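One chain, chain A, links the two complexes that follow: it is found with chain B in the first and with chain C in the second.
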Partner chain A sequence: MADRGAKRASADSDETSNKKTKMDGKANPYLAHMYEEENGWGSGEPSPNSPLAGMKRRQTSAQEASKAEDSDSNPFTGRQHSQKYFQILQTRRDLPVHKQRQEFLDKYHSTQILVFVGETGSGKTTQIPQYVVYDELPHLNGKLIACTQPRRVAAMSVAQRVADEMDVTLGEEVGYSIRFEDKTTPKTMLKYMTDGMLLREAMHDHEMSRYSCIILDEAHERTLATDILMALLKQIAERRPDLKIIIMSATLDAQKFQKYFNDAPLLAVPGRTHPVEIFYTPEPERDYVEAAIRTVLQIHASEPEGDILLFLTGEDEIEDACRKIGLEAEELTREMDAGPLAIYPLYGTLPPHQQQRIFDKAPGPLRKGGQPGRKCIVSTNIAETSLTIDGIVYVVDPGFSKQKIYNPESESSHSWFRPSQRPLRSSVLAFKKELIEQTYPEILRSNLANTVLELKKLGVEDLVHFDLMDPPAPETMMRALEELNYLACLDDDGELTTLGGLASEFPLDPALAVMLISSPEFYCSNEILSITSLLSVPQIFVRPASSRKRADEMKALFAHPDGDHLTLLNAYHAYKGQETSDPSSAKQWCHEHFLSYRHLSSADSVRAQLKRIMETHGLDLISTPFEDKNYYTNIRRAMLAGFFMQVAMKESSGKVYRTVKDEQAVLIHPSTVLRTEYDWVLYNEFVLTSKQYIRTCTGIRPEWLLEIAPVYFDMDTLEDGDIKRSLARAAEKKRRKEAMKKASR
Partner chain B sequence: MRRERDESDDEDIPLHHKRPFGAGLKRKKIEFVKATDADASNTIKNLGKETASIGDVYASIVLGSSSRDSSSKPEGTSDEKDDQKEDAAEKEPEPPTCPVCSLPITTTLQQHEASLAHQVSLEHSHPPSALDRSRMGLRALESQGWDPDSRLGLGREGEGSRFPIKVARKEDTLGIGATRTQPKQAVQEKPRALTGKEMRALADKERRKGERLQAEIYGRVDVEKYLRGNGGEDGL
Partner chain C sequence: MGLLAESKSRKRIQNDPNNTRWTRDTTTFGQKMLRSQGWEPGQFLGAKNAAHSEYHTAANASYIRVSLKDDMKGLGYSKSKEDEVTGLDVFSDLLSRLNGKSEAEVEEKRQARLEVKMHQYVEQKWGPMRFVRGGLLVGDNMQEEDDSSDESESSTAADEKIPAATKESKKEKSKKRKAASLKDGDESSADDEDDEKKKKKQRKEERRAKKLAKSDSNESSDSEKAKKKKEKKEKKEKKKSKKDKALTEEEGDEDAMELDDALNKSSSASNSGPEKSKSSKKDKKDKKEKKEKKDKKDKDKKKRKKSDSSDTEMPDASSTVASRSGTATPITTGTSTPRGGFVTPRSRFIAQKRAAFMDAQALNQIFMVKA
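Let's look at the complex of A and B:
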């Protein structure tokens, strides 16, 4: 596919020489196969028989496009349109955005960069890219149209929907590309993709020359990748006047985008096909959870038919609220003859089959003629934009959500923040008129090590004056540079090293990438590859609230006394063993052992992809024989090569550990299997809940630190203290041991 | 005339050495003040009073209020004396305004410059950034043109935020806009429990405790005397 892309790029690299090349190419019978597409179409114009006849690229009108859409045969595949196509076409034309198709095209023709504002429900994500397809006629010049999405799920599901709307097979004319899956073919002309994916493509194609139009959807979410893409596209737009860019946003702070893109024109489309009423509580509420529960019950008792969506912040809060609502609703049914109320929780860590239940129909009335039943979904903000649940009429929103915020002084932490006003799908009962926009763009609340590495690879030399919409704080940037410097991905002058270049090829955090790249030196690259994959997916151990004890017993089966990483590896090996011996029962086996089949199989596909990258770059895949007593030791040492900055030392007082990087007092997370008393541990993440925890820990020896990361643990520059003393002791012990060895020889 | 004076300054070594404001810094300051119109009348006023004796003028240069005098020279030429007298008479009711703090200068320039209002409106020179200059990250950013002392962030025009986001954890379930009421009540109750008498007793106890501690720590007589003396004054 890449091959084909390159061919296209070379054939179309220059607009003016394009025709000439084509003519030459066609004259040459040996190159005829390269021009299959064009051969039917003459010189870049639709053939007279095509429904697109007479349409000129970037000069079309809405009327022409509608006519082409109405024709019997599909202009892009040549096949007859199906019955279903015309049904969908009808509903498409009812969307708010359709009324402004001509206006959109006029604006699109007049400018290089367009800011498009449409609320949720306006149909912008599905329709605008199609409008662009009918205007760009991408099958004629071989350039693609890209539409980015912040979420993988959205990219996949929207691509499917648009393929249906255009009456084509998903993966052919309309495809998608996400981190571990590329569903496109050389035929693809409209590509939905995650913003991160487009960024990765840009690393190897700084001009984004495969695309004639790039649409950044959901730009208001301000994901890290979208922010960087905006800055890049702003630069590229100056070099490539033929490239069109559309920034799509759902909120009305579009002026900020306009201003950023040098006063680009704006087109706004009203959203919501249904009117929305918003209510606030007149007074602040003392307890938002309790108030939310009361509101749900009030709606249930006294409002007309319609389902309820309640936003809360986290798993515990949601489960607790579900229980309370359930109890109260029963009483309402008994005492006030209210209808039955079905309650479903929804949060990220919920198993998928339980997540699916939110789409169940609301229960019917208890008896004939009784009050109709309804369902109530209690969800974190994952239901905010990425899901459409039919039947929701009431939304209750206390205005809080959890956010992950990186603080360069004390690592990352979970935190609570006031969210922006949510794109509201239906009528709302929110609590106070004080909902202030207080979410920060991701770039201001993330560790930027990965981003800096990406930027370097993208050819951005000047990090200081890189024109981001919200440049990060200098301290955050400095931390990222230093982290990469310690990992030897950047040299002392901040230039990309060979290792850094290699690390950026992996879609991983730099520490994980460096760990993976250096693992062959420790004779365990196979195992480190597995661990890396397992750390890249959500937690594979399932621990449902109803059967915690049983789940812990099952986890203990895989436990390795030296740490959680090794336990993950054991579980993965056991799963692979089961899968190869009896693939049909793997799912059942996972269920019995409280392992997530979904996450294990996605870890498997992550592993396959990482393995391909390793092979392309000539990294050996080797293992220490399992019988060797150094099997696990090698793995633990190899992990240090990437994670030497994430280690903690036990305080002399006992349970408490102190991290080396930031000197935070931490506890080992209760989920650990670490049994041996280690003075030093390596950890995967730092979590802040009610206490400060380090999660996924493995025991290490201090002398390894001096061996593997001598620059970071430099005895000459380390500050005096417990850490230095412990390391000095370890070094001394080692020296003596070696001396004795020598003496005995 | 000014030139003559300067030359004589340079040549007349003993006198020159006696000048209390001989430092280069102070001399520069004088010139700066002179460049503005504001102090013209001020100096003229002085000159008007002092014309009686050239000796007085000379003495004033030697003895102190120096800065203005040397600056006054170019305007205060003897040819214009009469005009200036008139000018001074006109300007006296309306004192000149200071270009820095835009307040009228009613006192002498030195006093004015020392006044709080003037000091506050002086352009503030910020202390250098506290960042560790040896950090690799800082060096990399500096090499790309970021100045840690510029008080600017990153970005095309340095518009980025200068500090990372401050994180505030929410550990209660108070709704938006709600404030906790219970702790307030607790705070109110406590002061009620103490009567004036108790307060005094408490303060007395604290004081005695402090004295005892001091006596223990600073056993030396002279120190104790010194400390108690201070304390007595404070008390009064």
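Let's look at the complex of A and C:
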């Protein structure tokens, strides 16, 4: 370790000397690798007996690496290679990316930032990090190689695969780190992680000094975290010439990436070996769902063997289509002796065991010699990138998918249909206008409050000139700043406050974080902690189309008259009660009560994680006794501490509510349990679907607003109107009540 | 449109729906912060003079505007097509005259309309024409027999009832079509022009045959169904043309939708039919031609394995469809779904309503239009 420290020091001194001699080649970050020999970076050499003997860090060749891979013992663990290892090695060498290993190494050696383009199936996600391992020889200098993934599942499964390929135990040399799970040890040299995790690490280590190479995979997906990481790494690269960065992407936008990284070199590897034939409907369709169903049936009736994947937009649409296809396929089988057709829906909220069914084999022929069966998967766009399903031959794509888009002017999220970005875009070129690239990177679609908080924590002062690949709309940025200011996370000069710093420690939206942090003041931090976790997971109440009524009845068992948040809490308490009394039946119990066991248990782990964070930062976990008459009132008040901006007041006429923030007319989402007529409600989400809805609502009292958020509800600055009048009335009432109390005393 | 009309969505527009109050307010904390860091309204955020700024779009300048999609219309489907009214042919002729179109132009249009109607009439009465390609007789030798196995299969459903005259006219037409599509198509394919022609012909005929086979099997005895089944099994290589067919069928149905007014019960060919649809068809033709070109180019670029077949197929499908209009389906019902087999309740409902409306003769009487 002392050796490592020395290296670090010398690297630092080299950096300083770089600064002095600006015109020197050393000052060029892209040439930094050429000088590493001088500053002792290459000092850790493999022992002469190791298969890696003779290989020099960042100077290896594909041949050397292959030789090392072929050797009997594992260069990293010293153990003998298993039989399975050599089998996998063979398949690995058939991957398209393998042919260009030397080319990759040459480019990698010659540059600091490399843009790597490989289509799906090229093997880039599993192979490139391994090539880097054999080049960086990380076990000798103690620095890690990180490979980010946008999705947790991908990070886990790829890490497992690569551990197998390298013949090591998962969690030792190859590990992964995701939001709720850190499967790494000090031995780890290659770490797969979600992009969000790397960002969190960067908050505490601005230089990312643990890593010698960072690979951003699936960069074309342009998740929020990847975008910010790219901007950060671009900055860090200038400060840390020894850090190598690889941006991996599908073909799209490769030039944009190159341009962004100061014309970084590009390496492209062909992927998909099977050409895809694309057919468009010659005419626009009157009803895309119907047309899609029809096409599926036509394929089933008259095309050779092969499974079908149909893309649709949402749960309802998918279930409906499944039903219709099922009926028609049955008829087809009955009357025309067509093969059986197995239909599987696939969408995010589907229970996992049902999701797993998409991997089932297609049904066989009904009788010997009959038509072969096939399966048809009807899916939302989650199957677009994150899944590989064997046997799919036909893809039917109407070209629509749902997307959430944040609107800074009304502060709502819209469920929006966009023409999708799949390889098979089903539309005629004549309608090209409608197919204009409309996949906006996440950073342009989301509320940036959390991002701004993160950036502040990352030490980014100048938000305006922060070099993002796609700078967000100024309006969105303004909204984020305002929200943080109201939440007192930023002071009036735009500096991070103590509260803001604390809030950024939580992987939560600022409003939720602030609610959680201030909950001890309301004597209900345990409960708020539960509610926060429940709000951070998908909806726990299941409402399958087949048994809506029963599901609603079950939900009513947990209903709390004062609102949805408290209902969530009740359900969670009931679940916990069940789990402690009889853990084995918890799953069954959830199923019976139309609760999602998966989401409840993930809420549980979120809760555990948040609890740890709270404990490290000295936030008390307290509750009042359940019998306390203020038990629920406290919770409702505590929620206001974070959500005071998300309240709506009922209009004098009818059911319409009006949001305080921007005076939008909204309805309470039909899923609410709120039965009592509250004049004021607090809501978790404002969504625009067919109407403007506020979802997950809880009733509140107007006087609390004045008490808890006096800055936001400042009677002097509020505009005249119903809202001000109502608040004034509430204040007056309260004042009188207090006066009476005093008088009676 | 009475029952067919879309449900009106009533919406109250509130004061300041776009919240311009907030947008205009320059004193908000957000604006203050951004301005203090050197931002001016109208500027992008992000690094100054960034190299990648050429890729910035409107989405970087301002937030993304959305429009809500609350219907099921496919990409590019416009409402206007639905609203075509029968009995306007004469009226539109009049309008074109008033607009200064020459008599010849008007006449040309009229002829085109008539042709379509005749086509539909013939098809409705005697069904579509299905022949099997027998190859090209050059001297005493037959050429181009590569697809022969397929053809013998589909020969089950040859139709003999069609008078020779119509046969000829149809053939002529199809030739014209092919010529047109070739002209539009990529010049590089000039070498195999002949081949292409042949293939197209074959394919078209196969399609027709199959279509009949399908409708037959749907409508008639089980034995025929079984036959068709057999065909299917044996014709696995024909996947391409079948896919093609699927497309044409859909297309045909679409067309049928618009033309159904003319189809239903329009016993007299001079009946003032769907003028509008005809003209729109012409537009479509143009579009399709453009598209064809693009298709071809794209495909050429990609140099796929099956570039040959797909090259000819894609444009073939669209061009035939475009010019043939209502002929693709054997008997049109006015639905967008093929007849027999698959009809969803919803489309069945629409079809009924439509049929009730689309009695061209009745409507002509209502409009007092002399055919």
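By definition in this document, the second predicted complex is superposed on the first by the 682 of 745 C-alpha atoms of A that agree within 3 Å, B and C clash if a C-alpha of one lies under 4 Å from a C-alpha of the other, contacts with A are read in each partner's own complex, and residues count from 1 in each chain.
Quick note on the criterion: contacts are C-beta pairs under 8 Å (C-beta built on N, C-alpha and C of every residue); 3 or more make two chains touch, one makes a residue touch a chain.
Just so it is clear, the model here is predicted, and its values are computed rather than measured.
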| item | value |
| --- | --- |
| Room on chain A for both chain B and chain C (clash or fit) | clash |
| Partner contacting more residues of chain A (chain B vs chain C) | C |
| Touching partner for A:Gly494 - first (chain B), second (chain C), both, neither | both |
| Chain B versus chain C as contact partner of A:Ala571, first or second or both or neither | neither |
| Contacts of A:Glu663 with chain B and chain C, given as first, second, both or neither | second |
| Partner chain(s) touched by A:Asp467 [first = chain B, second = chain C, both, neither] | both |
| Touching partner for A:Ala202 - first (chain B), second (chain C), both, neither | neither |
| Touched partner set for A:Val174, first chain B, second chain C, both or neither | neither |
| Partner chain in contact with A:Ile377 - chain B first, chain C second, else both or neither | neither |
| Among 170-178, 206-214 or 224-232 on chain B, the segment whose C-alpha atoms clash with chain C after superposition | 170-178 |
| Footprint overlap on chain A, comparing chain B with chain C | 281, 284-291, 398-400, 405-409, 416, 431, 434-435, 440, 444-445, 462-468, 470-482, 485, 492, 494, 688, 690 |
| Complex contact set, residues of chain C against chain A | 12, 14-16, 18-19, 22-23, 28-31, 33-34, 36-39, 41, 43-48, 50-52, 54-56, 59-64, 66, 68-70, 72-78, 82, 217, 225-226, 228-229, 232-233, 236, 239, 242-243, 246-251, 254-255, 257, 284, 287-288, 290-291, 294-295, 302, 304-306, 310, 314, 317-318, 321-322, 336-338, 341-342, 344, 346-347 |
| Chain A to chain C touching residues, read off their complex | 256, 259-260, 262-263, 275, 277, 279, 281-291, 293-295, 297-299, 301-304, 324, 328, 331-332, 335-337, 371, 398-400, 405-410, 414, 416-417, 419, 426-431, 434-435, 440, 444-445, 462-482, 485, 492, 494, 662-665, 688, 690 |
| Chain A - residues contacting chain B, complex | 281, 284-291, 398-400, 405-409, 413, 415-416, 418, 431-432, 434-435, 440, 444-445, 461-468, 470-482, 485, 490, 492-494, 688, 690 |
| Residue ranges of chain B in contact with chain A within the complex | 131, 135-141, 143-146, 148, 153-156, 159-165, 167-171, 173-179, 181 |
